[in-house]
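After this come two complexes, each holding chain A, first together with chain B and then together with chain C.
What follows is the complex of A and B.
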């Protein structure tokens, strides 16, 4: 009887901390979403500024992006499953250095040989945005796990 | 409607009557209280004992609680497959439970005033206090039992209507753009539009003049640079060999040409663009009227 009681107490305490953790995660997740929104918006504005400064809509356009018939190239940025399980991160972003000989081309050079400052800034902003997206995805996974844990903990406590 | 950015990303909990009752019953046992909770109790008519320390919100960041994963796995291991629930369905599941408790009806009547929510910090305080009380064997309540009946309010985007003035302006600009494109497209088809100023000889000569002037400026400045290198340096420093003078002249001219080339290219590019786009709408209006009449006038002639 007493062992059961102790166990129940431990379980309840665990559930409490799970709830608190859930609140923390919700806040963190919201914050990361806000960051994504901000970064994405500033990147879009920089892109628009590039087009505005270059004049017309031929300077930076979809037509310059390689199509099916273009030469193949490797992706510079990949989503990989992360190795650090400790922080609960499941995915991370891996970047490869630009190396023309092995097929890692610089995407900025599709638009011009000397890309304007604002275009370069926009590219780096969007790169940051990808990192933030990975962070947000990790948080969301953690949140899902916590919510599942909470519901199964509840079942456990009711059963006791 | 536009969604604006979330400003306050804090999770809020609207405390239920159960929480309030608990706070009221246990208030003698508290040694300290967060100011938010103190405010909440005051607005609901409960007085706090005077010796309680009120904690001010000092913006301190609270670390996430440590979760005993081993214990968690051990305990959950017995539970038959937890149905995978997403956040929403999870919340919906909670609601019927509240109704079963029977607190719901009272809760609605006694819902605390708006603006007094429990924040994360208060939850932490509540958790600490509860574990303290449990240690002192005063009560046997857990945090989850308290907040189960409370409402969780998630941070949300505010909805903002689009400014009607902006909408009007966008509409007008879009129309102008379309009109311009249409005129450009139909210029060669519609005889009435043929007599555009950019097609008359005087207009073309004018713009040609501009370009010629730009090129002439370039030539003049290069020539001046050469003259300076060829004669100027010779006059200043004394007699120099002829070959060296030529070299100096060419070098000076080259430097100036490089600088000037940049501006020339920029200017000519601008002209291109101006020539490309037909005139703005405002100037077109009377002209279109005039040109239609001209078409009518022309018709018998062309017949």
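What follows is the complex of A and C.
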């Protein structure tokens, strides 16, 4: 009986610490989404500036991006997971150099042969945003794992 | 052309409005594979909800995708499908768009977190 009581107390303490971790992760998660929103908005403004400078809404639009009928090409940035002791199963972004012969094309050239400065800045802003997304995905996975742990711990305490 | 052999890493896919897709494609996430399947979908006012849903399900099934980005306003349209996806891979990230700012109360993961406090609010 007393062992059961000790076990229940330990489980409750663990549950408290899990809740605390969850609070921190919620805060970090929300902050990372705010950062994404800010970066995204800056990128959208730069795209709008490019359209304004080039005179016309179709200068930077879906009309220029490849479709199903276009030639195949590879993504320049990919998600790699660093499954080591230090980083756990965290993901990071790895960029490949532009190499047309192997299918790594420069996206800026879809829009213009000589891309204006604002479009280059927009591309750079969205590259930063992709890094923030990887960070956000890591936080989301951690949060998901904590929520699952809390659910299991609650079930355990109820059963006791 | 065998461009896709032995490529390290997984893809980020995107379902979003014109600016979101153009922006992230500029960032270098876009790919069209040998089966001519793109990892992006541009949603406009004429796109049916069923098309968004089908595309999202297709991305979920692909094993070369690690992150699915979706504008939060379109995620709202297929909320039941997003809520049903519980696996951590691929991670579904709801991102704000130019016209719709991020609303934490609509985010699937934060709604689950909130459910840890109020069992009545727990949707699943």
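To be clear about the criterion, the second predicted complex is superposed on the first by the 138 of 160 C-alpha atoms of A that agree within 3 Å, B and C clash if a C-alpha of one lies under 4 Å from a C-alpha of the other, contacts with A are read in each partner's own complex, and residues count from 1 in each chain.
One rule holds in what follows: contacts are C-beta pairs under 8 Å (C-beta built on N, C-alpha and C of every residue); 3 or more make two chains touch, one makes a residue touch a chain.
It should be emphasised that the depicted structure is a prediction, and the values quoted were computed from it without experimental measurement.
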Touch test for A:12: chain B only (first), chain C only (second), both, or neither? first
In the overlaid three-chain picture, which partner chain does A:34 touch, first (chain B) or second (chain C), both, or neither? both
Given the superposition on chain A, which partner contacts more residues in chain A: chain B or chain C? C
Go through the superposed model and pick first if A:99 touches only chain B, second if only chain C, both, or neither. neither
Please work out whether A:153 is in contact with chain B alone, chain C alone, both, or neither, and reply first, second, both or neither. first
Is A:74 contacted by the first partner chain B, the second partner chain C, both or neither? second
Chain B versus chain C as contact partner of A:21, first or second or both or neither: first
Between chain B and chain C, which residues of chain A are contacted by each of them? 19, 26, 30, 33-34, 37, 143-144, 147, 150-151
Spell out the part of chain C that touches chain A in their complex, as residue ranges. 1, 3-4, 7-12, 18-34, 36-40, 42, 66-67, 69, 88, 91, 93, 95-98, 101-102, 104, 107, 109-110, 112-113, 116
Per the touch rule above, chain A residues touching chain C in the complex are 19, 22, 26, 29-30, 33-34, 36-37, 40-41, 43-44, 47, 60-62, 65-81, 91, 94-95, 102-103, 107-108, 110-111, 119, 122-123, 125-127, 129-130, 133-134, 136-137, 140-141, 143-145, 147, 150-151
Contact set on chain B toward chain A in their complex: 5-6, 9-11, 62, 64-68, 71-72, 75-76, 78-79, 82-87, 90, 93, 120, 123-124, 127, 130-131, 134, 142-144, 147, 154-155, 273
Across the complex, what residues on chain A touch chain B? 7, 9-21, 23-27, 30-31, 33-34, 37-38, 55-56, 143-144, 147-153, 155-156, 159
